[in-house]
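In order of appearance the chains are A, B and C, and numbering begins at 1 in each one.
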Amino acid sequence: MKKLFALVLALMLVLGAVAVAEEPLYISVISKGEQHAFWQTVRTGCEEAAAEYGVEMYYYGPPSESDIQLQVEALNSELVKEPDALCLAALSTESVLTQLEQCAANGIPVVGFDSGVPDAPEGSIVATASTNNQNAAALAAEEMLKLEGFADALAAGTPEAPVVIAVLSQDATSESVTGRTTGFVNKMYELASEYNTVAVQGHDLWAKEAEGAGVIIHVEIAATPEVTDVTNASNAILNLDGLYAVFCSNEGAVTGFLAATSGGNDLADGGLYGDLIVAGFDAGAPQKEAVRNGWFVGSVTQDPYRIGYLAVELAVKAANGEEVSDVDTGAQWYTAENIDDPEIAMLVYD
Amino acid sequence: MQSNANRKLNMQKLLAPAALVILYVFFSIFGKNFFGYEGFKQILQSSYYIGFMAFGVTFVIITGGIDLSIGTVMMCSAIIGGTAFTNWGWPVPLALVLVLISGLFFGLCNGLMIAKAKLPPFIATLGTMMVSQGFGSIISNVRTMHYSPTYVGDWFRPVFYISGNFPVGAIWLLGAFAIAAFVLNKTRLGRYNFAIGSNEEAARLSGVKTDRWKIAIYAICGLFAGFAGIFFGAAYTTITPGKGNGEELNAIAAVVIGGTSMSGGSGSMVGTLIGVLIMSTLKKGLSSVGLQAHWQTFFTGFVVIGAVLLDNARNRAANKVKIAAPAVKK
Amino acid sequence: MGEVLLQMRGIQKYFPGVHALDDCHFELKSGEVHALVGENGAGKSTMMKVLTGVYQMDAGEILLDGKPVQIHDTRDAQALGISIIHQELNLMKDLTVAENIFIGREPMNGILLNKRKQNEMAAELLSSLSIDISPTTIVGTLTVARQQMVEIAKALSYDNTRILIMDEPSAALTESEIEELFRFIRDLKARGVGIVYISHRMGELKEISDRITVMRDGQYIGTVNTAEVTMDEIIRMMVGRVIYEQPKEKSNVPPDAPIVLEARHLLSKDVKDVSFVLHKGEILGFAGLMGAGRTETARLVSGADKRLGGEILVNGKEVNIQTPADAVKAGIGYLSEDRKRYGLCLPLSVADNTVMATLHHFLKGSVVNDKKIREVSHTYREQINIKTPSVDTKVVSLSGGNQQKVVLAKWLVRDCDILIFDEPTRGIDVGAKSEIYKLMNRLVAEGKSIIMISSELPELLRMSDRIIVMCEGVKTGEMDISEATQEKIMALAAPRI
C-alpha cells in the first residue's frame, strides 16, 4: 500500500511539474462534448486560435451531452484557477447561474460558443460565437419543400392516411437540439399549412392538435442521448404509418438513425426505405457518406472550426479589455452535388 | 465498537487520513490555486451528494450487503420531487419531503426483497437500480428537472448549498455525518448492524429480529439517497432523467477507501467521511494540475484497489489472531 | 479372502492437549470388508485421515504389501491406491457422470476436450463394474445410492485403487438402496479390493463385514471375526471404558418438581414425533449418535428452524414459537454445538456478545448505554470466570471454553430459565470442561432447568438427572439416571438395520 501511494505520488509529481509553469493568458474552454467529430473540429479551432494568439488554453468536454453534473464540476474547478477569460457552451443554463455570477464578481469575461448560454442573465455573457439553430434547422424544412413532388405529397395527405414527417432528436434538454427541433417543426408547419391541415404530435413540448389533419409532424425524442436509445427511437419512427420524410437534428440523431437502417443501406434506392426522404444536421464521416450516396437528400452544417476559433478569439479580445460582440458562424445546406465544393468541404468535418 | 485489541490494525486505519493529508499537501504545492479557501470550498462542494450516499450505504455494507440502486434512486427521487413542484404545482418544501419519502420507499423495497423474499442484495438492488432509472424518465416524461431559483425560489441554494461565499452544504454534510456516526455507534440499530454483518445467524438465534433490522437499514440507506438527491439538485440544479448510473459505485468506492470491509462486520463512518474527502480531493486536485476527468477516474481506480488490498491485509491480520487461539479438537 | 494388503501399526497422533490416537492397529486383506466401529470421537476418522494423508502420524508405521510406505499428503495416498468415499459425496451435480469421473484428467485432443473418448472410457469403466448408468447422465438426476456408485467408480478409475474407505456409506440410503450398495460391495470384494467400512449401524455390519475392529477414546480395543461375535459384545467393546468420572447415582430433582417445558409431538424433516418434559431444576440429557436428531429437536424448541407440527408449552402454557425471538421471549436460551457459526459474533467484543440478546435493556432513551453494558459484562466475567484481558476484547481471540462461557453469559443476562446446552464441552480442554460442569450444576441449583445434548456418554451419565435417547429422528428411549448404563444407551442409540 505504501509503495502504491509512493508510485502514484511520483507519477503526480512529474505531471504536476509540467503543469506548474506560468503562462501569460489562461483561457478555459468548457464545451459540451469531446467525442463527436463535431467537437473534435471545435477543439481544433480553439487550439489553433490559442496557438495564434499565444495563450494557454484548457479545453474540457463532458463524455456525453447529458453529463450536466460533470460539466458543472469542471467549470467549478476551472473557476478556482481564475482564468483570464472563459468560453462556455452550457449544457444547462440553470446549472451555471451561480458560476456566471461568480465570473461577474471576479471580472472574468464569459464568451458563449456553439449553443452558448441561452437565456443567460443580462450582461453575464460578453459575446457569443454560434449558429442560429432555429434558422439553420428551418433551412432543412425549406430545402425539403424545394424537392420535386414534396409539395404534392403534402397535399395528397388525408385524415385517414396522413403524410407523416418525423423529427428525430436525441434529447429535449439541450437548447441547441430543442432549438433545431422547434426551428424545423415551426418552419415545416408554416410551409405545409399552405397545402394541407397540419398537426404536430409525439411530444407535448411541440404538440399542436388539429381536426382532420392530412399532414402530421411527428417529434420523436430518444429516452437518453445514448446511441442505443436513439436507435430505438429511430425504429419507432420507421414503424410509423405513412412516413414520408425524416429530419435528424444532430450528429447523434443521424448516427442512431443510420444504425436503425443497416448503416444507411436500407435508404438506398430499392432498399427497405428507399423512398424515404431524409435530411440530417451537422456532419461526420457516416453522415457525409449518407449524403454523398444520396441516402440523405442533404444536410445542414454549421461551421465547427469557426465556432471554436472565433470563441477563443473573442475570449482573448475580451481578456485584453476590447469591446466584443456576437458573431454568427453560419449554416449551409449540402447535398451530394456540392459536398466536394471547396467552400462546403471546409465546413463538413469528418 | 472498534476495540483497541490490535494495535497493528489501528495503525493501518491511520493510513486513510494520512493519504488524505498527503494528497492535499501535494496538490496545494503543485495545483493551480488549489490551496486556499476557494479550493477547499470546491472539495467540500463536490463531496455533498457522494457523502450522503456513502453514509447510507456504509450501513448496508457493514451488514455484508450491497446497494447498487442508490445512484439512480438519488436521481429518481430528485426527479419525482422536481415533477411535483414543476408539473403538479406542489410547494417546494413539500416536494422536498417527497424526495426523501421516495428514497425511503425504494430503500424499503430493497429491504423487503432482501430480508423477506431472501433475494441476494446484489440482485435485488440491481433490479431497483433499473426500475428507479426507468421510473424517473417515465414520471418526468423524459424531461429535465431544474432546482434553480426560477423553479425552487431564491431561498433554496442559501439553505442547502451556498450562502454568500459560505458552503452551507458542508454544515448539512457534517450534520448528516454526526447523525450517521451516532446511529451506527450509539444505537441499537448500529449495534445490530455490526452483529448482522459479523454473524447474522448468531444474532438471529439470540432473538434479534434480523429481518426487521435489515429492512430498516436498507430503508435508511434509501433515505440518505433521497437526501443526496436534494443536494445534487442544489449543487448542479439540473436533473436529467436516466442518469445516476455509476454514482453508486463512486459512493461504494468512498466507503471502501474508508476501510469498511465489503465482507461486513467492520467499518466506520469516520472512515467513510475520509474516503469521500479523498475522492473529492483527488477529483479537484487532478483538475487543478490540468488533468481531465478521465485521469480522475483512472487515479481513483488505483486508490480503490489500494484500499481493498489494505482491506485484505486487515482480514489476514484478523485471521492470524484466530489461529493464535488454542487449537480445537473435534 | 486374500493376502494381507495393509497394516497400520502402533499409530500415535497428538493434537494440542489431546492424545487422539494411542498405539492403534489396523489390518486389511484384499477382498475383505473390514468394519471400523466406535463412538463419536473414538478416533476412526483420525485413523483414516492418517491413512489418506490428511494428517501426519507422530509415530507408528504403515505397511503396504508388507513394505513400509510414507504418506505425506492425499496425493501420496492416491498414488498408493488408497481412495476414500466421504459421507458427503464430492460430486458436481450439474455435470455428467463421465465428466465427474474424469474431472482434472480429461482426455484431450490438443487443447480441446475429447468428450467422445471420455464417454467411451466412462462407459467401459461402468460396464466393467456392472453399473447400469449412462456416462452422459447428469449426476444430480441420479438417486443418492447411484451417485455413490459413481463416486466409487471414480475412485476405481484410478487404475491402481486397491483400498477403498467408505465413511458411513449407508447413512443417506433407503433400505432397498442399501441392498443395491451391498451387492455392489460384494462385487468389489470379488475383484480383490480391500474395503474399510465405517458405520454406526450394527445390523448391517453383521451382513456385510468380514472382520470388525473396535476403537474407543483413541485406543485400539480389538479385532474380531464378524461371524464369531454378537452385536451386544461389539457394543460392550465400544463403551466398556474405564469411567473416570463418577456417574450420578440418582436424580437430584424432587418428584414433585413442576414441569417448566413440555414438547408434544415435535415434527420436522429430521425430527419424527418427539415428545418430552423438562422439570424445574433438572438436567435432561439427550443421548444419541451423530445425526440422531437431537440438535434438530433443540433447534425446533429454540425457534431456529420452523417446525412442521407439535406444540411447545412453557410453565404449562402453550407458546407459539416461530422465531428465535419468540423462544428467547419465552425464556429459552440455546447454546449451539457450533458456537462460532450460531453462537457468537466473533469480530465483536465480549461485552457486545454478552448483551446480544438483551440490548433493549441497555438503552438510555434510544442510546446504547455502553457504560452499563461494560459493568454487566464485567459482573458476568467475574461470576462465571471468563478469562479475557478485558470485556472490550474481541471474542475471536478467546479460547473455546471462554467463548462458550460468553455464549452462556448472553443467556444468563437474559435470565433464561431454560437453557439448552448442545455439546457444551466440544473442543474444550479438560480443565474448562469441569468448570462448565460446575456452572451447570450451579445453574440448576439456582432453579434453572437444562437440556444437555452430548455425544460423550460419561459426561451425560455424570451430569443428567434423566436421559432421553434418540436414533434417526425418533425418541427410542427414556430412563432415570439410576437405571442408565452406557450399554443400555448405546443399544437404544444404534440403528437396528
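Note that in this section a residue touches a chain if its C-beta (ideal position, glycine included) is under 8 Å from a C-beta of that chain, and two chains touch if they have at least 3 such contacts.
This one's a predicted model, so the numbers in the text were calculated from it and none came from an experiment.
Note on connectivity: the fewest chain-to-chain touch steps from chain A to chain C number 2. Most remote chain with respect to chain C, judged by CA-atom centres, is A. Chain centroids computed from C-alpha atoms place B closest to the centre of all protein C-alpha atoms shown. Inter-chain spacing, taken between the CA centroids of chain A and chain C, is 73 Å. Chain geometry summary: the mean Cα position of chain B and that of chain C are 45 Å apart. Computed centre separation for the pair chain A/chain B is 35 angstrom, with centres defined by C-alpha atoms. Shared interface positions of chain C, i.e. residues touching 2 or more other chains, are not present.
Residues 1, 4-5, 8-9, 12-13, 15-17, 19-20, 58, 60, 62-63, 66-70, 72-74, 76-82, 91-92, 94-95, 97-98, 171-173, 204, 221, 223-224, 229 of chain A are the ones touching chain B in the complex. Of all residues in chain C, only 15-18, 20, 41, 302, 304, 323-325, 327-329, 334, 336, 341-349, 352, 356-357, 359-360, 363, 366-368, 370, 392-394, 396-400, 410, 414, 426-427, 429 touch chain B in the complex they form. Those residues of chain B whose C-beta lies close enough to touch chain C in the complex are 1, 3-5, 186-188, 190-192, 194-195, 198-199, 201-209, 265-266, 318, 321-322, 324-330. Remark: chain B residues 15, 19, 22, 26-27, 29-34, 38-39, 42, 45-46, 137, 141-144, 146-151, 157, 162, 232, 235-238, 240-243, 283-284, 286-293, 299, 302-303, 306, 309-310, 313 touch chain A in the complex.
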